[in-house]
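Shared between the two complexes below is chain A, which has chain B as its partner in the first and chain C in the second.
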Partner chain A sequence: MKEGSLAVKLENLKVVLGNKVVFKNLNLGFERGKLTVVLGPPGAGKTTMLKTIAGFIEPSEGKVIIEGKVVNDLPPSQRNVSMVFQTLALYPNMSVFENIAAPLTAQGLSKEEIEDKVYGIAKLLGITHTLDRKPETLSGGEYQRVAIARCLIKEAHVYLMDEPFINLDLKIRSNLRDELKKLAETLSKTLIFVTPDPIEALALGETIHVLIGGEVVQTGKGIELYKMPISLDVADYVGGGLFNIFKGEIIRKDSEYFFKNEDFIIKIPKELLLNDLPLNSEYFLLIMPENIKPRSFIEENYQHLTKGKAYSIEVLGGDTLIYYELESGNILKSLVNTIYRPSVGLEEELYFEPSEVILFNKDKVPVVKWNKYT
Partner chain B sequence: MEQVYLESVSKRFGKTIAVNNLTLRVKKGEFIVILGPSGCGKTTTLRIIAGLERPDKGRVFIAGTDVTNIPPGKRQVAMVFQFYALYPTTVFNNIALPLKGKMSKTELERKVREVAKILEIEDLLHVNVNKLAIFEKQKVALARALAKEAEVYLLDEPLTLLDPVSRIRMRHEFKKIQKEFVGTFIYVTHDQFEAMSLADRIVVMNNGVLQQEGTPEEVYFSPRNTFVATFIGEPGMNLIRAEVLEEGEHLRVKIGENTIQLPAKEGLNDNEVIIGFRPEHVAMGKRDGYLLLKGKVLFKEFLGYRSLLHIDLGDDQRIIAVTNKLSHFMKVNKNNIIELSIKPENILLFSKDGERI
Partner chain C sequence: MNVNKLLWTIIAFIIVNIYIFPVYWIYLTAFKDRATLFELPPKVIFTPVWDNFDELVRYGAIQAVLNSVIVTGVSIAISLFLGFLAAYALSRYRFPGKNLILFYIISTRMMPPIVFIIPIYMMFSYLGIKGSYLSMILFYIGLTLPFSVWMTKTFVDDVSIEIDQAAQLDGFTTFKFFRKILIPMIAPGLVAVLVFSLLSVWNEFLMANILSSPQTRPASVVLANIRGERGFNWGRVAALELIYTIPVVILIFLIQKYLVRGLTLGVVR
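Take a look at the complex of A and B:
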């Protein structure tokens, strides 16, 4: 990435809150005119990062650079950033129109200009019908959209969004996601969007930074994070906790490697392996739910894994996630692309796609090749 | 005879009509889920059945008795709320409380053990509820409701506040209850996946009006109107305007820049229809016997186990295609013109005002 294309740059940032070191040495750039997502679990430092960029938190070391200028010494009001907070607060006594217009009124724009802008953004976000109302009469989704409109209406170098879609219905969320993407593209604004929700990140982000424990552990497109995780922790997190992760050992028979745990033994395809595998060590095998299926749904290339008893199902629209209880008591997740309702306790033989497994060593680092998705 | 019967029930709050002329029949032993967006009237409906709200119009029958004017305490209903409230005492006492004085001690003990067994909390009966995990607390709240002899059990979003792991466990409990416990359940949620996973029958509401009732498969594959078609499914059904070019032996319609031929359809009385099909029913490429559409890829989204293609069919008609095959997804790029195929039987027709034809 070229230096000149960065709207925001964090350089050797150290941030301490109370006696907690949130960032030891954070280096991160955000491209101009693009929507960038920072994905991380609660406590990873996402909000702290945004507040440091906005100027509400002062770093103890390092630089915050906005549009080429070090802004460490500038107060929030002079940094030319606009932020939507997680807990959004609209002015209760003002109408929606006045709430959205507030940043513009402060800038001293004419009445006509303000009206044009407010209607424009309200239309984009589908809230024109609320403009005359007071915030207390809005639904959750409307309230959130008003806050987003207020954030985006201001001309700023960078827009910071702290989990703005939290607590909203699925439907409203996916609509707002599409709106925001369209908005980012048509307006070419620099947007930094933080979220703990991997699906939201995958859906939104051209570029996603995964922030865990104050460090950016992986950066990439959604497909790269999902299919080529740099560690087991990233995989587990990006998979929304739905990936099947089995702990076991590797045995070698003739020149082949096998993964063995309490529930099954399977051959690891040779072409997947980077190097020889040390034995007498702990390994983790990851199989995504979409790559495990009960017998009647198997595709070519699938091989037998184990058997399990149907425990619970979740119908996800046209797909079904089935939870199976294995003999060891472990739970295995399988995803089929139709509505499928095995009755509770039904025992089924389960199959998997061998070329899609990911094997991690005891340090939770992958020991398989990636070649398909780069 | 229905276990619960709402006869043309309406309820207003100020200017808002929360429930509008709702008629609903629930059979004995059924597990029905009332599903709809927030503000659709589902919780008000539940509260009317419980007796916590009085309908302005209409009557409420429980097990054949008109209970419209009977207070909640005398209605033989048990309710579990989203915010469960437990007493700071043992699990046993919490479950037993509503039963005290209503039966002998031995009978009470038997009843508590029976529901504790179904919910797998027998080992916890003498533990103080403050020491329990959140899903265990919700199980206790549920056990307390189930222990009560009731004509109907009412559940108001009981999973909404649980973490994902606890939700899976509780969903499992509900499945077990359906199998092992004889009772009639009315369950309210805004979560379509929960509804589709749990319900024998789903009742979809919007703006206080019943939109459709049917099995999860019926409301998903055969929605009665465009609201149900788009509300159920994520993303919802693709709906596109089509101009009727020819009627008769076949139905020829124009969609964007595409002309397709559908089997003849009765009940058309307009030259404009809405064509609906599920995103997962759009296959990439040309297939024999399928309807062919051409469109331009606007953008694509990788969402993990599935991916979405947003496609413009021309004339501002947009659809979404879902694919589980990553190889297909990878081949396609933004601005490509691609061919899409849909099986004719997966296409539904709606009138201009959104009613299924």
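Take a look at the complex of A and C:
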């Protein structure tokens, strides 16, 4: 990333809240005119990061740079940032129109100009019918849109969004996500979107920074994070806890490597490996649920893994997630792209896609190649 | 369902009447002359007379009610305003000794006011303000402020700090934010604070009796003095009581909308 293309830059940031060190040394840049997602579990410091950029939290060390200017000493009102708060923070005593217009009235724009702009953004977000109402009468989705409208109406250097969709039901969420993505593309504004939800982050798809424990552990595009997690922890988090992770050992036979645990022995394709694998050590094998299928759904390339008893079935729209109990008692998750209801207790042979497995060493670092995605 | 509702309505009606009857009887008494007053059985229908009110006017009781309005109005206005500012600071800012300050504020109400009668009397005499409106106003501000700070603080605490932050980003100055957003948001709470403080000042007798002069004497003190020279003049007392309650009744009607919300705020979540 080139220096000049960054709208916001955090340099060696140290932030302490009370006696908790949130960031020890955070360095992060956000590209101008792009939507950037910061993904992290609760407590990772996402909100703290946004509030530090906005100026509500003072860093004890380091610099906050907005459009090339160090803004550490500027109050929030002079940093020219706009924000959607986690609580959304609409003014309950004002109408929707007044809420959206609030950032403009303070700038002293003329009445006509304000009306034009408010109607413009309201139309864009499909909330023109709510303008005369009070926020408390709005539905969850409308409320969220009003908050986004109030954020976007101002010409700001950067727009900060703090988990804005978190309390909505899934359908509205994916709609709004879609709209926001399109909006970001058409408006080409610098947007920083923060979320604890990996699915949301992957769906927004632009550059994603994974923030865990106050540190950026990985940066990538959506699919990269999913297919090429930098550590087992990132994988587990990005996979939403659905990934199959097995602990086992590596054995070597005739210059081939095999992963062995109590349920199965599988060959690790040689072309996947970065180096020789040390033996007598612990390994973790990750297989995504979509790469494990019962016999009737297998595609070419699939190899036999083990057998398991179906014990729980979740139909997710057009897909089905099946939990199999293996002989050792381990659970294995398989995702098939159709509606499939094996009877509970049915024993099935399970197959997997060998080229998609990821092997991690005892330090939870991957030891397989990623190059096919880069 | 309907029977239940009817039953509740009847119970509520009875309770309300038990509370309202004495007030109603005072209002009736105010319009009775001496003879009607002591008639047995008491008369409900009679020709109303204005004698009691005439006497009151001659006695200067109207001025007394005005004094009450002035002293209460000014002290409550200042106490509410200062209370709000202090509550906002205590709710929003982090500074060393905050809890100590909060405790100190409430500790001033841990003794009964009668404990400071002598020091306050001496202090105000020394300052030369004894007998003035100012002396009573100062005392009542001190009396109501701790309560006003603490209660207002709980209402401000309930407002998410992100509202403040949003307003900052939107370019509101602090006072514009108070006026346009925060105060309207906590209005029901402020009304509750207003009513509580108001009642404690409006009804206060002890300090008013000591700190006031004949010119600044509020209604609560005058009420005690007009019982009559020869026997208890019930009519006159009732008439003053009637006038004494009017400002409060008007106020309650004006703020009724907020009052119920304010009083139940923090109770019903």
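To be clear about the criterion, the second predicted complex is superposed on the first by the 373 of 374 C-alpha atoms of A that agree within 3 Å, B and C clash if a C-alpha of one lies under 4 Å from a C-alpha of the other, contacts with A are read in each partner's own complex, and residues count from 1 in each chain.
Assume contacts are C-beta pairs under 8 Å (C-beta built on N, C-alpha and C of every residue); 3 or more make two chains touch, one makes a residue touch a chain.
All figures in this text were calculated on a predicted structure; none of them were measured in a lab.
K.L.:
Once the shared chain is lined up, is A:Val344 touching chain B (first), chain C (second), both, or neither of them?
P.N.:
first
K.L.:
On the A-aligned overlay, A:Ser312 touches which partner chain: chain B = first, chain C = second, or both, or neither?
P.N.:
So A:Ser312 only meets chain B here.
K.L.:
Looking at the overlay, what does A:Ser139 touch: chain B (first), chain C (second), both, or neither?
P.N.:
first
K.L.:
When the two structures are overlaid on chain A, which partner does A:Ser77 contact: first (chain B), second (chain C), both, or neither?
P.N.:
second
K.L.:
Should A:Phe56 be classified as contacting the first partner (chain B), the second (chain C), both, or neither?
P.N.:
second
K.L.:
Applying the document's definition of touch, where does A:Asp169 land relative to chain B and chain C: first, second, both, or neither?
P.N.:
Once the two structures are laid over each other on A, A:Asp169 reaches chain B alone.
K.L.:
Decide which partner touches more residues of chain A, taking chain B and chain C as the two options.
P.N.:
Touching more of chain A: B.
K.L.:
Could you tell me if A:Val194 is touching chain B, chain C, both of them or neither one (first, second, both, neither)?
P.N.:
Once the two structures are laid over each other on A, A:Val194 reaches no partner at all.
K.L.:
Answer with first, second, both or neither: which of chain B and chain C does A:Lys181 touch in the superposed model?
P.N.:
First partner only, chain B.
K.L.:
Looking at chain A, which of its residues have contacts with both chain B and chain C?
P.N.:
After superposing on chain A, no chain A residue contacts both chain B and chain C.
K.L.:
Which residues, counting only chain B, touch chain A once they are in their complex?
P.N.:
37-39, 164-165, 168-169, 171-172, 175-176, 179, 190-193, 196-197, 216-217, 220, 231-236, 278, 280, 299, 301-306, 322, 324, 326, 330
K.L.:
Please name which positions on chain A make contact with chain C in the complex.
P.N.:
My answer: residues 51, 54, 56, 75-77, 81-83, 85-87, 89, 91-94, 102-103, 106-107, 150, 154.
K.L.:
Given the complex with chain B, which residues does chain A contribute to the contact?
P.N.:
Residue positions touching the partner: 139-140, 169-171, 174, 181, 198-199, 202-203, 221-223, 226, 239-241, 288-290, 311-319, 323, 335, 337, 339, 343-344, 373.
K.L.:
If you look only at chain C, which of its residues touch chain A in the complex?
P.N.:
Listed in rising order, the residues of chain C that touch chain A are 160, 162-163, 165-172, 180-181, 184-185.
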